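One chain, chain A, appears in both complexes that follow, with chain B as partner in the first and chain C in the second.
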Partner chain A sequence: MKTGSLLPQTILLVLTIATMETALIWALQIAPADKLQGDVQRIFYFHLGCIWPGFVAFFYVLYASIRYLISRASKWDRRAFASGQVGLAFCTMVLVTGPIWAKPTWGVWWAWDARLTSTLIMWLIFLGYVMMRDYIDDQKMRERLSAVLGIIGASMVPFVYFSTRWFEVQHPKPVVMGDAESGIKDPNMVIALLLALAAFTLLYLFLWRRGTELAEGDAKLSELRMRMNALEEEA
Partner chain B sequence: MPNLILLMLSKDLRRELRSKEVFLSSFLFSLILLCIFYYAATSSSVAFEKLPNTALWICIAFSGTIGLHRTHQAELQNACYKALMMAPRDPGLLFLAKFAANATLLTIMSLLLLPLIALFFNLDLGSNLLKMIPGLVLGIAGFVAIGTLTVVISANTRISDILFPIIHLPLVVPVLIAGVNCTQKAMLGEISWTGIQILCVLNLVFLSLGFMTYAYLLEE
Partner chain C sequence: MNQEPANNLMYLTAAYSAIWLILAYFLTVLVLKNRRLARELEQLEQRVSNMEKNKAP
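For the complex of A and B:
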């Protein structure tokens, strides 16, 4: 089945833009400001919105890598790699928005908070996964090793996520405005969060499909080049 | 199965006893790390005596990474690794055998490092030494289990020596967190049962993953 046949790319793009716009309006205009943190809390909707598709991306890497090792079909490798790249981009957004939120809230840019630390480690794991592919020339070997590393890396994600919380004895408490009363209680805040989650999930789907299509195009191009070289040699 | 593991273990230990290159380089590197650690700690007015556990795991992480990489590189010489790949054995068992050899070497190095850390940090290990062993051994086992896989993955790339720590170290963070917690508690005379349980689960997952995926790494 062709990747683009399920839902046309343009419909997905329009849906992503519409949901993202609605999420922006709801988060910045309709949802009230947090009583303790003020307007800076609004970044939370997009911060949390990014981490969810980040997790989805990494678990898809696990699924597609297993499918690759079973079937040895290159399409699963391309799907896994596209998902890893998009997941890495979402993790980067979490790591950028986290400190922007942390500075006015906790008084420091980085606080070795369990959530930030686990995201940083996941980012590093998948940076290695994405990086490694550039340094293996043989295509089949690249696919096979990427699949194994994808399985190991994605299997580690839950452990990384929980291990930073299990031993959080030295977790620094928020320096500024760290009261327990801060949090999501207003229905408009919940709607803004749900819209942001939906918008970023759609964005993940859009980017993943684009990434997969690009990789497929790239593979076809390489195949044509090989055929052309073979024909030239024959001639 | 035990035969293969014992054979590989004795082969790797014999080779190491003859050449001493992995052990000596890792051990000396740890010694240098301890010196750097002292100057880094004292120049930033951190109480150096309070950091033996940190120093121990930093030495294990860095020297272990160097040791694992060097052991695999030595195996690649004279196509020794290709010969191993051709062995009519389940690749999963080969993984367990390589894991056992690597874990033994790193455990010996860490146990030899402990008296030095006790000396440098004015630490009275005494009765707490036995309490440290489970956390230390399980932590090293987890570190090596993932390392035995990632070293083969990175060895097939053009920049294996740089890529190995980049791939390996983030993956072993859960092991390092649990291991550090176990040995820290042990130095205070307590046992971290939570840490030991987590390390057991992590080792089970790592070894199962290695057992199942090692065959794919050995394909030509």
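For the complex of A and C:
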């Protein structure tokens, strides 16, 4: 399917791959190993690198869903859905890498604390958001329900973020915008984190754009089907 | 810290592998959907255009 200009997408893809590779080299080679955790702490760069663009993706779902509910224009539903899908993929990465990091540091794969549980609930809501669309045939109903569920899911983001401040949790305190003693100090660690954040943000933009084009293609397909049905009825 | 450094590397490898596997799965689904959609769009456009030609006086 050929939609949109290929040049900006190619540039975006090349930038994403280059930043991702640099982030990998910085996270695995250049950034020093943590004194307490050793090499396993290097999971942190991509674990956090995934969740921030994931939050951005969910906030965009919130924005586009509200725009949809106000305007009832399907383009906002398609944009929200494309963003929700990418957010779900990033959130899955976080939920998979988190326990792999937790096992050697906490001694357990999972703790039912506020941060982990709220992240899991948010993931389940967006899993439902993505899956629901295949089960509702009525387009307007599907778009309305998606918008409502998207708003509910995205409303979890502040709760997930602030859960480490509001509750006693096993999960470490925030590193970004956190307390003075909870941040990372080594400049190479900061660079590795910033590169991972940049790489996943670029990846989000690339995937969101592709997802939006796919959703637009789907809409065009439905339109053609309706036209064909009308022509068949006329014949 | 509960694990030996050698074990640590195993966890590190597992975490980074998981990220690439999830990303590869997502990209594969996206590419397959794109191909299916392109095929269906082409077929439908062809059919609709044929029907419109036949309908025209």
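Going forward, the second predicted complex is superposed on the first by the 202 of 235 C-alpha atoms of A that agree within 3 Å, B and C clash if a C-alpha of one lies under 4 Å from a C-alpha of the other, contacts with A are read in each partner's own complex, and residues count from 1 in each chain.
Following the convention adopted for this analysis, a contact is a pair of C-beta atoms (placed from the backbone, for glycine too) under 8 Å apart; a residue touches a chain by one contact, two chains touch by 3 or more.
Just so it is clear, the structure is predicted and the values come from calculations on it, not from any experiment.
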Chain B versus chain C as contact partner of A:L149, first or second or both or neither: first
Touching partner for A:Y135 - first (chain B), second (chain C), both, neither: first
Chain B versus chain C as contact partner of A:T97, first or second or both or neither: second
Chain B versus chain C as contact partner of A:R115, first or second or both or neither: neither
Touching partner for A:G211 - first (chain B), second (chain C), both, neither: second
Dominant contact partner of chain A by residue count, chain C or chain B: C
Chain C-contacting residues of chain A that also contact chain B: none
Chain A contact footprint on chain B (complex, rising order): 146, 149-150, 153-154, 156-159, 163, 166-167, 169-171, 173-174, 177-178, 181, 194-195, 198, 202, 205, 209, 213, 216-217, 219
Contacting residues of chain A [partner chain C, same complex]: 1-2, 28, 36-40, 42-43, 46-47, 50, 86, 89, 92-93, 96-97, 100-101, 103-107, 203, 207, 210-211, 214, 217-218, 220-221, 224-225, 227-228, 231-232, 234-235
In the complex with chain A, residue positions of chain C that touch it: 1-3, 5, 7-9, 11-12, 14-16, 18-19, 22-23, 26, 30, 33-34, 37-38, 40-41, 44-45, 47-48, 51-52, 54-55
Interfacial residue positions of chain A with respect to chain B in the complex: 69, 121, 124-125, 127-129, 131-132, 135-137, 141, 144-145, 147-149, 151-153, 155-156, 159-160, 162-164, 166-167
